[in-house]
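I'd like to ask you about the structure that follows.
Labels A, B, C and D are assigned to the chains in the order they are written; within every chain, residues are numbered from 1.
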Amino acid sequence: MIVSLKASMKEADVAKMAKELKGFILKEGTQRLIVTSSKLKSIPASFEKWVKKSIVFDSDIQLASRKYQEETRTIYLGNGRTIGGITGNTVMIAGPCSVESKTQIKESAELLVEMGIGVLRGGCYKPRTSPYSFQGLGLEGLKLMDKMRKKHGLSIITEVKDATHVADVIEYTDIIQVGAKAMYDHGILRACGQVKKPVMIKRGFGSTLQETVQAAEFILSGGNPNVILCERGIRTFESKTRFTLDLCGVAFIKEYTNLPVILDPSHAMGFRYGIADLTRACVAMGVDGLIIEVHPKPDTALSDAAQQLNHADFKALYSTLAPVATAVGRQIV
Amino acid sequence: MIVSLKASMKEADVAKMAKELKGFILKEGTQRLIVTSSKLKSIPASFEKWVKKSIVFDSDIQLASRKYQEETRTIYLGNGRTIGGITGNTVMIAGPCSVESKTQIKESAELLVEMGIGVLRGGCYKPRTSPYSFQGLGLEGLKLMDKMRKKHGLSIITEVKDATHVADVIEYTDIIQVGAKAMYDHGILRACGQVKKPVMIKRGFGSTLQETVQAAEFILSGGNPNVILCERGIRTFESKTRFTLDLCGVAFIKEYTNLPVILDPSHAMGFRYGIADLTRACVAMGVDGLIIEVHPKPDTALSDAAQQLNHADFKALYSTLAPVATAVGRQIV
Amino acid sequence: MIVSLKASMKEADVAKMAKELKGFILKEGTQRLIVTSSKLKSIPASFEKWVKKSIVFDSDIQLASRKYQEETRTIYLGNGRTIGGITGNTVMIAGPCSVESKTQIKESAELLVEMGIGVLRGGCYKPRTSPYSFQGLGLEGLKLMDKMRKKHGLSIITEVKDATHVADVIEYTDIIQVGAKAMYDHGILRACGQVKKPVMIKRGFGSTLQETVQAAEFILSGGNPNVILCERGIRTFESKTRFTLDLCGVAFIKEYTNLPVILDPSHAMGFRYGIADLTRACVAMGVDGLIIEVHPKPDTALSDAAQQLNHADFKALYSTLAPVATAVGRQIV
Amino acid sequence: MIVSLKASMKEADVAKMAKELKGFILKEGTQRLIVTSSKLKSIPASFEKWVKKSIVFDSDIQLASRKYQEETRTIYLGNGRTIGGITGNTVMIAGPCSVESKTQIKESAELLVEMGIGVLRGGCYKPRTSPYSFQGLGLEGLKLMDKMRKKHGLSIITEVKDATHVADVIEYTDIIQVGAKAMYDHGILRACGQVKKPVMIKRGFGSTLQETVQAAEFILSGGNPNVILCERGIRTFESKTRFTLDLCGVAFIKEYTNLPVILDPSHAMGFRYGIADLTRACVAMGVDGLIIEVHPKPDTALSDAAQQLNHADFKALYSTLAPVATAVGRQIV
């Protein structure tokens, strides 16, 4: 239940009520809210006098629900890019899977500048499933990304894979990416709830839509309203492609939640060949953003070599997107 | 292996060679082929003299492979509609889940005529999973469809669900739909191989891409070159939507096979709300066709009530498709 | 709803009531039943006078439900073997994947006789996913099986894969196996409902438990009470093993249905190495039967070569089963 | 590749070689190893003189592979219980889903003492998917568990859900449980590699067997040889049960890895009714341990209420396990 409180209610009473209802206290402008479990269906009589309005929910999709806020959240990503709301923007995010070297990330950044793309991706902490694979450059990578930000004014997004480096990622990035394998990590989610930077949660490949939106609720109920979801493919019985991009799930997110949604066709497909078609499909679906893996020399990439586009192919793809966006009343930014 | 034979080879020798190699004999124009298991990697010496050309394959995707025929198959669907090849067509197929009555199918047919859509769908033999649900009108339904064909010149597609009525479906329809639950039915596949009518195979919701294309191989190796695939969603762990539309799989089909591919967002989604977005995504993906469930009064439908669009919503959706198709260099027909 | 009718009700009225309620008429001994969709929750007033008792259900699991008949069905399999009921039997079924030759099936039959096993399996119509693979010996195979039956008194089980040969399979076998890929085939299910021979339905690898039990309802409502389910593994994201044996699903079947359940660890595993452990697990689970693939020379088998046990390994496995069965109060027969 | 080094090799050279090969240095008794990516298939000539023996692998399952060490690892769990090796032990672990109160965990501990069970489970940090659900008692719960350890000599196992509390869990428990949702958490895995306490990794419900064993490799290559795997059900399309217990996967683990394996039927099933049958199946499968959720009053449990057994049912189940274990040559401890 989401309860809006009257202005006359004292802070001490708010705290007491929240404690009794096991709820979270949130402030939205001058409005104070208490958010409790959705199992609570009515307000105890003793608190009724302070309640301005309350909304009851079927499940723990509450702050993220269109029933709470009908319009999609509007979130500023830095570098002039806004996602969601009434913008009609489909924000392009591009860059390599991993930050590998100063030269590589410099070439990536320059590509984006040349193309007028505003948000640079690049993994520094790689959630590899084998200890014997490249694990990312860590803090050194973050600093390389930071240089590109300062030099080119690019917004930076990078992935946090566990709670040990969440503070560093929060410090250095413009947008915090909660990795698909870290979607349930309360240490990360809690930390992300305590800042105001935009957070993009990647849906776990084995995670339901309900769980994914509830991961967002951890951050929203923690006090950070700037949460974006990212669909990047789920794990199914089909093994010809790396994952299965779940556009039906995207339709669900668009219908029932107020969270902007970004699509990652690169990880879903796992192979270069299908990415152009999938990206155009995502644009026509009317999503709020795209995140594409691009690498100066994909064949030598230290991770995800098979799915990263080279610069020429990415440019060719990019040039086809604007007409599709226009056809559905949106624009690529 | 696909072996092209020299014109000089006698029929009796062809038969002998096919028998020895456990292969199928096919005629393409004046060209005779023997198609064997892909496990055969070289031609026995005694037959070499008759071989014009041979192609070796990694798996039993052979006649359907772009390695055998690079261009997508061109298939005439009747009523002026051609699918595949260099047409750039995205063929719209629409109609109710089930043929329920004379009035209902008449209204559906008239809607198509009004909108300039050429192919009418409608199930007569319904593969319901419960014996206590509506099972379809059977032959009576086929005859109702046939009337619409004769009256309006519409092409008709309906589903065959088991081998007991395959002859009737073949007789009455322009396009034979092999249902998702019947995809492995050799009785059906064999019968479809012996005619030349277009066959649309719906991928089983538990079927791999490899198996789906191999189902097509049953028909192709039987002598019918006119096979189309239909992706209609696979069964995954996600239960918020009915199935998960596998666009990554569509990318695979487009890359590796020469079969036109039709998308069915209605069954994938299972709910009206996502169908418009998904349909536009499919168009932007560059698929060869769409099959959408439309019903004069969806709420009273005897099957799939939740996912059928009403006429107004379908018209609204349809009007948005042409710009998307244009944006990717195709046209809706 | 299942409605028991009073003895006084006339046949014509029964027929009229069934028609109006869109139900099936069944006879159990002297008792007549009408079985309707589970959506029917109350009996129209005009029919009430003839109703002895009625049972309402949540879903279309009705005749198969323990709510209708609490005790597991008791079904005679021939050759002195009874499955289900209060027998405590775990019936062993064994034999090759495919009937390949007279010699092979003779060796298989003799192995069973030597070991005191009563039911011989062997596929004649193979539901191969590729047209270029061995498709089974068909009617010739059935006749070879029949010889073994006559010579050794063995019960025979073989698979029907589509409706074109269902009559032959019904004629020649003691137990009709509805293949996993044919589970939704109404032509087969209808034919099986019109005989009294035991029918074993293999759960489709992409089929839910609900659908599987509803497939049984097709046969039960058709008039054949002798239906057995077989769990043989479902398709999941895990690709190291062929399928995933669903013992949680078996627990569901045991809890909610009155159908005996047979386990097929061979197809689930897909590899010889795990079959002994899995078989013992199934016995300890308290299932009603086991079906294991055994071949005189597995490495030369024309299908499923990787998962068939040789005779020595099967004997070794078999000798370990009785103690496990005893430990859970059952016996292998 | 795993390389055994000669005793004569100097530490500095070991370090140099490890750095060049991007490998981990391990000490097993007096033996020093370097473990590299499995992509390394041969040793550079310059290092050959120091190599005693090397083993090449197909994939990054290396230290966990039976190819490296044929016998299952022998791991002491405390309180007189040893798992794996030649013990033939099937270790019972039991207790509530969550530690909820002093009274509750006291009753649980006393039950174990009464029954002669040695290892107590109980969650303190609960990886709930909703922020509005009970999140566990945290450190307070750990201290309650610790009291039971001190008072009754029980071994304690509890779950770490993210890296923020891994140090506390390591300090207070005898066995560290890496939760299913934390399986990819490098912060946790790295911390677990630096201690010698036994670590039980729960397979993620969306994780492949390969990934699960590779999670173990993170800990093994970090220097902790005491890793146990736990199968607790994977997420599939079947929704009648909470998850699908993957016994085929257990067969794979037993065949190819040297890691003891513990089965968790409670989480797999999600309902009380199937747990007894499943547990007996697991025992007959020959697994190294079992972990069962038992609660003094399941209906009031703050988490997993539907699947926890009450004390009476658990005792009844437990009494049936010894005969099954005996039948397969093992003993419950």
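FYI, a residue touches a chain if its C-beta (ideal position, glycine included) is under 8 Å from a C-beta of that chain, and two chains touch if they have at least 3 such contacts.
Small disclaimer: the values here were computed from a predicted structure and weren't measured.
Shared contact partners of subunit B and subunit C are A, D. With every chain reduced to the mean of its CA atoms, the largest distance from subunit C is reached by A.
Subunit C and subunit D, compared by their mean Cα positions, are separated by 37 Å.
Centre-to-centre separation of subunit A and subunit C, using mean CA positions: 48 Å. With touch defined as above, residues shared between interfaces to two or more other chains in subunit B number as follows: 206, 210, 235-237, 239.
Taken pairwise by the contact criterion, the protein chains are fully connected, each one touching every other. Within the complex formed with subunit B, the subunit A residues making contact are 206, 208-210, 233-234, 236-252, 254-255, 268-269, 273-274, 277-278, 280-286, 320, 323-324, 326-328. Of all the residues in subunit A, the ones that touch subunit D in their complex are 22, 24, 35-39, 60, 62, 125, 127, 129-133, 135, 161-165, 181-182, 184-190, 204-207, 210-211, 214-215, 217-218, 221-222, 235.
The part of subunit D that touches subunit B in the complex is made up of residues 206, 235-237, 239.
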